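Have a look at these structures, which come just after this line.
Below, chain A partners chain B and then partners chain C, in two separate complexes.
What follows is the complex of A and B.
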């Protein structure tokens, strides 16, 4: 594991120097700050719009960083043949994959946390400048309320899953294809709950539907990354927290799913013939 | 010659020694964990986030019809917006909300060309469907739907569903109540909404005072009395308590006035003529006024006035709906002294200790205190309208008729919302003075642009309890 951590450290150093990371993060911050501009034309709902855009930006651009930085990670080592110098040493292949994953995850989480801090500061300033609630009425949800933090924490765990997927596709495919696959996995993951709903609707009831369709959709739902679970932005933006139990189960799911993807990646990488 | 095949255990042991197989087994184990965790973690969206209609195919006839009417407007169906936003419904709702703001502005320009906010309901429903927790949007949408599109049904529907989704937001039921109040024929629904509004946390204290007034306007006076009385005994700031006592005085006086009117009607049906004066009712037998326990408790603050009225009618002891007077006296609801002396008061008085006025020609009964307060309110509305008229035309209205016609024209054009002014002057005629049967009317001096109020109508009715409260430190 020590060797995996050494690889992780080097991967982190390499990734933070990547210009793509800086570009995507800067763009994310720019979009985040534009929330107020859009909020001006929203008939008094500017804080809500700043919150929506901010929370969405942190999640979306974090995933894009994982995608752009992560998808070329393994292939770069293979293309430049630097992997041979690593694997010639007493480093197992799985240690290499885990090291790459941890290094990339560290980079993505730090970039996401940076965007989250910018968002919270910006939201704090906007809220402080906004007019107060009417006397005697309930105040608007606090900018730094627990639901907003919950949403940001779950965005972090979304990155845990996205990074694992990026490393998986990077280890089995070319950089361009792995970017495409990762992006589609991200989009599909956002609608996992819709697949479950479709599975329910496909179940045979009253002469319509079929077991085959139902079972097929249900299997897809169980196997695909359910990134939708990490999206609690619709509640967080209105100050509604999710329960602690649900939070814990979602985190357990994210870690377990990332573990599945990494295990499959390690298995595939063990069998891979180096060119 | 083929080598001997190793036994199954040996083959399994070799397979398990392979690293890739071990990783696959770990992967399968973790997949099971993730599947198990997914079930409780996915419970939240099952509750509310999605509904089946996202996948229900079929033509949207209403949308197509609206599209035919209004060129240049395109609104994708909410299911496409939801998918296009990659599951970020609130963000898509923001976009539609901003679009709706521009649409309302544009349609105001187009209003006189025949387009009547055809898209508005669709836009707001889309916003709601994409972000059903956005209570403020539902609130503003409903106000615009009722005031601008003049579609109270859509407004109440929007508020009702948002109210169910946001159980701790007080202003949604409040707005639904106000909309019902202004929607002809639905005033009775308003009371339920108002009751719900004050039940929810976070409502401003002033709402407690507004709600009984709105309830009384919805025709639910007993409910208003019960609410105001409850509010009084809960306590609170002195200003609020003074307001509640004033309300109670007015409501109770109106209730007593109704009782008297009912008694006059019954007298007329039995004797075939109207009583010459109110005191004649006293000798006419047990004309029981409405008097149940709630009502009796409600008038506890005005026991003296009520007791006089009670003595006037002499409730029959033993009536199933009527507690014996002695029992009420013990509970302090009525004036024990009046009861003991068995001496009826010379005349019926309202909660302001002003006499009930009676017109023997028509049988009309009026609480003088309530009539004076009502006239005062109408005068305030007329004064406001005169000022508005003068600002707009640079001159005073020549008569109150001209003023009323101007307000009525504004109401017809939809330029004002259904407020106090529209209600009192929107009919196009000068409101009738509550004491018209006694010769009173609203008088106007066009040269000064002011209402002329005779000295006898400048009295501001008050009740003893208000003065006591005001005198408290």
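What follows is the complex of A and C.
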């Protein structure tokens, strides 16, 4: 495990100097700061819009960093042949994969945390500058309430899953294909609960539906990353917290999903030739 | 226990479902003795790099087995005391040389303050101390090659596997690498290296293996591979000309006159004997009679041609690679 951590440290050091990371993070900050512009067109809803766009930007651009930096990660090692000098040392292949994953996850989480800090500071400034609530209006949800932090924490665990998927696709396909697959998984993952609903609807009931469609959709639902589960931005925007039980279950799911993806990646990489 | 041992090592590449399988290594059996410098030579695509990658566990053999320092090549522990230089090594562009060496040292199990001291020592040894803090991305090809050597020896390995170590180096760089290989050998390190530069192989190696079409076609001490073949006999004499040699003159080649002195070659010792008698009979003076042996380059060329013709090679040494 010590060697995996050495690889992780090195991956982190390499990734934080990657221009793509700086570019995506800067764009993310730009978009979340643009919340105010959109807020102008929705009178009285500035804070809510800033909060909504901010939380969405942190999640989306975090995932994009995992995608852009992560999908070329293993292929760059193979194409650049840096992998030869690493695997020619007493390094097991699983240590290499876990090291790359941890290094990339560290990079993605720090970039996401950076964007989250910018968002919170910006939200704080907007809240301080906002005029008081009109007489008779219902109390607005607190700008820095627990729901906002819950949403940011789950965005972090969304990165845990997305980074694992980026490393998996990067180790089995070309950089372009792995970027396409990772992006597809990200988009599909946002609609996981809809797929689950479709699977239920496809189940044979009263002469309609088919087992094949039901089973197929159910398998897709179970294999795809349920990023829908991580998305509590709507309720956070409106100031509603989710229960502690749901938070724990969601976090356990994210860790377990990433663990399974990494186990599959290590198994696939174990038999791979490095010609 | 041999530092390197392969038995019936066979690698077949399959690049696609419909692609024809390519036999990259064909039953290669070889062993390297402790402390020797072994040169592995062959044409491009002969199987040198595939052999090295299979030894290091980067490629899985289709058949056969190989071991490093007595352990299976698939076991990462086997690589603890191995130093490897790949052909045209690549490194992380954003790291400097010191960071790069620290990374590799830690992967090999070194830790603590010894790493920094060892990195500086090795950078000095390969002549890169002046660029220790420069990003590797700005290095020339020769500097990368030197850094490649530095990472291969940072952890003081017992076995160094070097793939084309002289590649990309200028004459001074080549001289330094030759000196480094000899220094490693003097320190008891077993060195296995592949090279296209046969003069280097001839000068450095205790034994040589020649690989062609994935097969080991000859192996043994350089002297054993080259000595049995006397390709011609060079005769220097004076007081005679070609026509004085009579029948012996029919096989003469490379004939040249330099004032009184005549130099020419005859194909074998029997012809040389006849020519010498003719010179003396005609009252000439025989100055020297030198057998012209095959160089390693000529042995190599002959073995490549023989192998591609599918004929069993006739070279000194032992094609099983076990001659010591």
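Here is the rule we use: the second predicted complex is superposed on the first by the 270 of 275 C-alpha atoms of A that agree within 3 Å, B and C clash if a C-alpha of one lies under 4 Å from a C-alpha of the other, contacts with A are read in each partner's own complex, and residues count from 1 in each chain.
Here is the rule we go by: a contact is a pair of C-beta atoms (placed from the backbone, for glycine too) under 8 Å apart; a residue touches a chain by one contact, two chains touch by 3 or more.
Because the structure is predicted, anything quoted here is derived from the model rather than measured.
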item	value
Partners on chain A (chain B, chain C) - clash or fit	fit
Which superposed partner A:7 touches (first chain B, second chain C, both, neither)	second
Touching partner for A:237 - first (chain B), second (chain C), both, neither	first
Which of chain B and chain C A:152 touches, first, second, both or neither	neither
First (chain B), second (chain C), both or neither touched by A:271	both
Partner with the higher number of touched chain A residues, chain C or chain B	B
Touched partner set for A:116, first chain B, second chain C, both or neither	neither
First (chain B), second (chain C), both or neither touched by A:89	second
First (chain B), second (chain C), both or neither touched by A:66	neither
Partner chain(s) touched by A:21 [first = chain B, second = chain C, both, neither]	neither
Least Cα gap, in Å, left between chain B and chain C after the two complexes are fitted on chain A	11
Where chain A meets both chain C and chain B, residue numbers	92, 271
Complex contacts: residues of chain C adjacent to chain A	13, 53, 56-60, 76-80, 82, 84, 86, 88-92, 94-95, 99, 103-104, 106-109, 148, 151, 161
List of chain B residues in touch with chain A within their complex	18-21, 23-24, 26-27, 30-31, 33-35, 37-38, 40-46, 49-50, 52, 54-55, 83, 86-91, 94, 97-98, 101-102, 131, 133-137, 140, 170, 201-206
Chain B contact footprint on chain A (complex, rising order)	38, 41-43, 45, 48-49, 52-53, 56, 60, 92-94, 134-138, 187, 190-191, 193-194, 196-198, 201, 222-223, 226, 228-229, 231-235, 237-238, 240, 242, 245-246, 249-250, 252-253, 256-257, 259-260, 263-264, 266-268, 270-271
Complex contact set, residues of chain A against chain C	3, 6-7, 10, 13-14, 17-18, 80-82, 84-92, 271, 273-275
